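Shared between the two complexes below is chain A, which pairs with chain B and chain C, respectively.
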Partner chain A sequence: MKIKWLNVWIAAFLAPTVLVLALFYIVPIGTVLVTGFMEWDGLRAPEFNGLNNYIHLITYDNTFFIALRNILLWSLMAATLHVGFGTLVAFVLYKKHIGWRFVRGVFMVPMVISAAAWAIIYKLFFNDEIGILNHMIRSIGFSDFHVNWFFDSPASFFAITLTWLFYAVYVTLIVYNDLMAIPKEVHEAALLDGASEWGMIRHINLPLVKKAIGTGIILSVTARIAGFEEVALTSRGGPGNDTYNITLMLYDGIVNYNYGYANAAATIMILLGILVLLLINRVFKMNESTY
Partner chain B sequence: MIINIRKWPELIVSYSVMTFTVLVSIFPILWILLSSFKSNKEILNDPFSLPKKIDFQAYMDVFTQYNFLGYFMNSMFIAIASTLIALFIYTMAGYIFGKFNFRGKSFLFILCTITLLIPGYARAQPIFTIIMNLDLYDTKTALILVYASFGMALALFILRLSFIAIPKDLDESALIDGAGFWRIFWNVNMPLAKSGISTAGILMFLNNWNEYFYALILTTSEKNRTLPVALEFFNEAFSYNYTRMFAALMMVILPGIVIYVLVQEQVQQSVASSGVKG
Partner chain C sequence: MKRFKIVSMLCLTMALGLTGCGSNNDGGSASGTPSSSGESTDKPVETAVQEKVVLKIPHYKSGQNVGAKFFLPQVERFNTKYADKYEIQIEEVPNDDYNDKIKLLWQQKELPALIEKGANELVETLIEKDEIYDLKPFLDSKPELKASLIEDSVAFNTRDGKIYTMPSSVVRPIGLFYNKEMFADAGITKPIAQMNFEEFDQALQALKDKGITPLSLMTGENAWTTMLLASAFMANEPGAEEVLKSNRADKEFDYTSQMWVKAFGEVQKWLKEYTTDNALGAAYADSANNFLNEKTAIIANGTWMVGDFSDTTKAPEGFDKKVGVSLYPGGIGLATTAEYSWWIPKGLKQEETEAALAFIEFIRSPEEVEAYMVAEGGQAPNIQTSAEFTSKLNPILAEMNRSVSSDLKMIAQSMADVWPDQISSKEFSGYLPLLAQDKMTPEQFAEHLTKKAQQFKK
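Let's look at the complex of A and B:
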């Protein structure tokens, strides 16, 4: 095959992907970054207005700070409790006690259901009238217990947290994968040196799966920054602005034809995402090799 | 079997964690399932009881009265079409990334995969405007295009590796036999990259089948509504008929669960190795 034709084939095979990259990634991201500094309603041409969108975003009311506080708290809980639970399950599965395959299979189920359906399941689960949670609490002796989980403050914040807190199967799978990759010799050598079970976990297994845990933190914190269904389909940011987040601001901006404002919010999302990535990369030394 | 007495604490902790994991994962779904066979009165007064009889009346009602089939077909059509288009174009690109060299290759590959780190919803407004400008607002084509674009980074990641794993000798001997570029790709490499292609396909299909946000902002009419969006309308329509609400929920989540059960190992493996939520 002549080199010239080969290059034509290569270009032809890459063309659709490059088109997708340009149309759905590079142009949109560029648009987001630029029009965050513009007044744009989708009808008239966008016009530069400096930092107005950002100033509006921050000073209009205290919504932005509530959204930021929520994202910060949720991210902290995701990085600690959520990833911690996922890691714990991975370490337990690694022991391969009878039934471990079943547990791993079942843990994945909430992840293959649409997030929209999962949010509605939780909305019903926490419903005061028909939800089983309040019925359980009432039946164990608190017969006057009535909390409208998604509509009362501060219950709403915690109810939304519970819709994702324990569903850390992807952390479990990544960590488990790295645990399985630890060479047998490492454990044998440690046993010869008289390492205890606990010592083995603390000084060998945990450090060796550090990167998987770091990846898990990046993924779960990014998911919190971009969270939508679990809020939009339950409390809609309420009560008041209690459970507001940046994706809701973005969504409001789009449906109200306030595109500059929407993209200022989107820019903040992107920046938060990059910040998390850099931070975790640094703390977990993700670029160094494990062995 | 003799169990070492010192193992007890570890066993107790392990099985507590395992039990808890199973409970949080399926208890809500089990509750929805049981409730879908109960009457409104039972749901309100007796949430712990088992249904008195298994009848599918509520399921039939949802199916016949609320155009469930229509939404189901929309979801299925959009998810399948977008996944197939995505697989086709990313398999071609993955093949090039895996087997050929050209100037700027690693730059392009990094550019393609780094998009994974941008929160998906951050691109919402420009994508909305692009779809408007293409005159595709409120069409199935819009969702097919947008969903096909989502899988890019993940698919390229998986596919490039599957093509790298195929020995180059095969290409060379095919070349000597007179096979052209397309035939070497389609008849020699594609069959050997099957497992990577199906892994990428399954992950993309599940994502597209479950997608909610873009379906919400890019469509409005009933004839283009997908199941996850329809669910919210069910929620309102059935606000006082809980049995139907529960039945509708079951019907929306069941296809995803069925697909997952069929290809469980593959889904778990791919999530683990790509480090990306399916």
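Let's look at the complex of A and C:
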């Protein structure tokens, strides 16, 4: 009887949280999933149309596959170069060389800049006429150098990539946090056993921050899947479809009053996100204990 | 245990109370009454009738928007005229967010008492649902006002005998501006509106030979200046008159015919040979900047740009004296009468509807129309302007009026007016860089646009 009452109280305390979660997450996601199977212009009542939105989205032209290819390429770069750079910075900061606090501060600065402002900054940075990049290239001897980075093919893809590639603050924070949590005794024991600097990094630090790196990969790759501002505010998916992604397909659906189509695109994004989550969980054995 | 239960119960009550805070509904939005702050909707109607009616209207012609310069003082003039009866209060909304805002307000059953246009899809849905106030009885009771309206616009706004949105009385043909000094340097003497596009092409070449970049073009945003020039070129092609006619309401979804392909081919040539290095990806501001700072000789744009020529924060001192204006080669002016304008939702209180009608009548009065034309250009074919009208006009606007009077052969819609949104807002500009870099032929460009236009065809 006692246990029963306890369950009731637990349920009662959880209820507000569950309610908020349901209201702000589960219901909207459910709406997205359901209306992905409907024809809905946002003005009239939605009508069930089976798999039409998905068939249209995937088979109408090659846009979906170009968007998917771009996401895969960006995800690959995010999981390797982006996370690798963020991890490297965390390891460097962990050594606490002279000026490490300053470096940490500077590295965190982009966190206080919104993605939209960041996109505009890069738009100016890559501008052919007034941008710093081309100005520098021209000033070192290539006086005829002219590339409209966000509007030339294939330069646009690389310009978009550079807007986020070295912006790995979250990865650095997560990995740095795990590095700081490693007990001193582990390093002391390794030193007594004659471990080298590289040996400690390879056999102690890296394995112990493995989960943080896994989390960093999940965050980075899902950010690529859901990335919008850096593309929409710079190249708008162009030139042609060079930098198109699924988020822009979703956006196009909304602009064209086709919410069913947009939500089908959103569903695919959710599925891709879940796939990444499961894959990284498995590869990095996220459910197992570290120590 | 008993104390634990009591404390727990109190905590739970507080938690539920907190989560319940947001549901304390005081909006009354389900009533379907459009928003108005003339009085609380809870007040009895008989007291409300006594009070001044205040209409709060979200509008994009506010803040930094170019239209605010004329519109906001116009609202003030209305408020002064009807000081004891009505007041319009403008809520600033960014231009790009206005349509979404109106749609959202409709979904919340909170439409304001006056809306200027909004998204076509929404207006058409509301016409279908008969949720827009019929202006016909009002216009029938105001014969002078009715007579001032443009017939094509009245026809476009009439469905099943009802007039849903206010027809326009002014037509503002879009042409192009050119730098007279640069034209003189290049020895170009023939008026542009009297040229054909072959001669125009020779003029561009003459400018280029003199080391002058002829055209301010852009491929960013909606590629506005590029699209206008392309529309004028196409309007000269056989068969285009039917496709681009100024009162055409339905959209065009196939661009594979010769006139379209030729126009895209011309755009390709202009982008490759006659424009600035920064045209690829350039936004309107870049394109305008090139003309205002005398880096280019020609820009296609509407008369609303005239104010920029004498604005010394945008152009050098005296620049306005160097600017000429003209219709496009072939005597083409770009304008549309097939567009929605001001409308009033159904279901307002009587006094709110009266206030909204008074505002519409006010802004369409001959004095206000004339003031509008003095500020932003245009012609009102059915309104007798005052004797001082011409003398009040900016010289550039007066020159445009002369060009319209003497050279106009055809008023056509621009491509953006006959394209569906997806093409005008994204695909045309998105693929122009590939066309300019020879990575697409004009035929492939046309096929791509056609495919995309049909993707979301209803």
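Descriptive notes on the structure:
Simple rule for what comes next: the second predicted complex is superposed on the first by the 269 of 291 C-alpha atoms of A that agree within 3 Å, B and C clash if a C-alpha of one lies under 4 Å from a C-alpha of the other, contacts with A are read in each partner's own complex, and residues count from 1 in each chain.
Operating definition for what follows: a residue touches a chain if its C-beta (ideal position, glycine included) is under 8 Å from a C-beta of that chain, and two chains touch if they have at least 3 such contacts.
Everything numeric here is computed off the predicted structure, so don't read it as measured data.
Shared-chain residue A:105: touches chain B; no touch with chain C. When the two complexes are overlaid on their common chain A, residue A:43 makes contact with chain C while staying clear of chain B. Of the two partner chains placed by superposition, chain B and chain C are both touched by A:9. Of the two partner chains placed around the shared chain by superposition, neither chain B nor chain C is touched by A:145. In the superposition on chain A, A:157 makes contact with neither chain B nor chain C. When the shared chain is aligned, chain C comes close enough to touch A:256, but chain B does not.
By the touch criterion stated above, A:20 is placed in contact with chain B and with chain C alike.
Applying the stated contact rule after C-alpha superposition, one finds that A:284 touches neither chain B nor chain C.
A simple residue count on chain A separates chain B from chain C, and the partner touching more is B.
Contacts of A:128 after superposition on the shared chain: chain C is touched, whereas chain B is not. Touched by chain B in one complex and by chain C in the other are residues 9, 13, 16, 20, 42, 129, 255 of chain A.
Residue ranges of chain C in contact with chain A, taken from their complex: 8, 11-12, 15-16, 18-19, 103, 107, 121-122, 125, 219-220, 277-278, 280-281, 420-422, 425-426, 429-434, 437, 439-440, 451-452, 455-456. Residue ranges on chain A touching chain C, taken from their complex, read 9, 12-13, 15-16, 19-20, 41-44, 56, 60-61, 127-129, 146, 148, 150-153, 236-240, 252, 255-258, 261.
On the side of chain B, the complex with chain A involves touching residues 10-11, 13-15, 17-18, 21-22, 24-26, 28-29, 31-32, 43-44, 47-48, 89-90, 92-93, 95-96, 100, 102, 108, 111-112, 115, 117-130, 132, 146, 148-149, 152, 156, 175, 180-182, 185, 206, 209-213, 217, 227-229, 231-232, 235, 242, 245-246, 249, 252-253, 256-257, 259-260, 264, 267-268, 271-273, 275-278. Residue ranges of chain A in contact with chain B, taken from their complex: 1, 5-7, 9-10, 13-14, 16-18, 20-21, 23-25, 27-29, 31-32, 35, 42, 88-89, 92, 95, 97, 99-100, 102-117, 120-122, 124-125, 129-132, 135, 139, 166-167, 169-170, 173-174, 176-177, 197, 212, 215, 219, 222-223, 225-226, 228-229, 233, 247, 250-251, 253-255, 259, 262-263, 266-267, 269-270, 273-274, 277.
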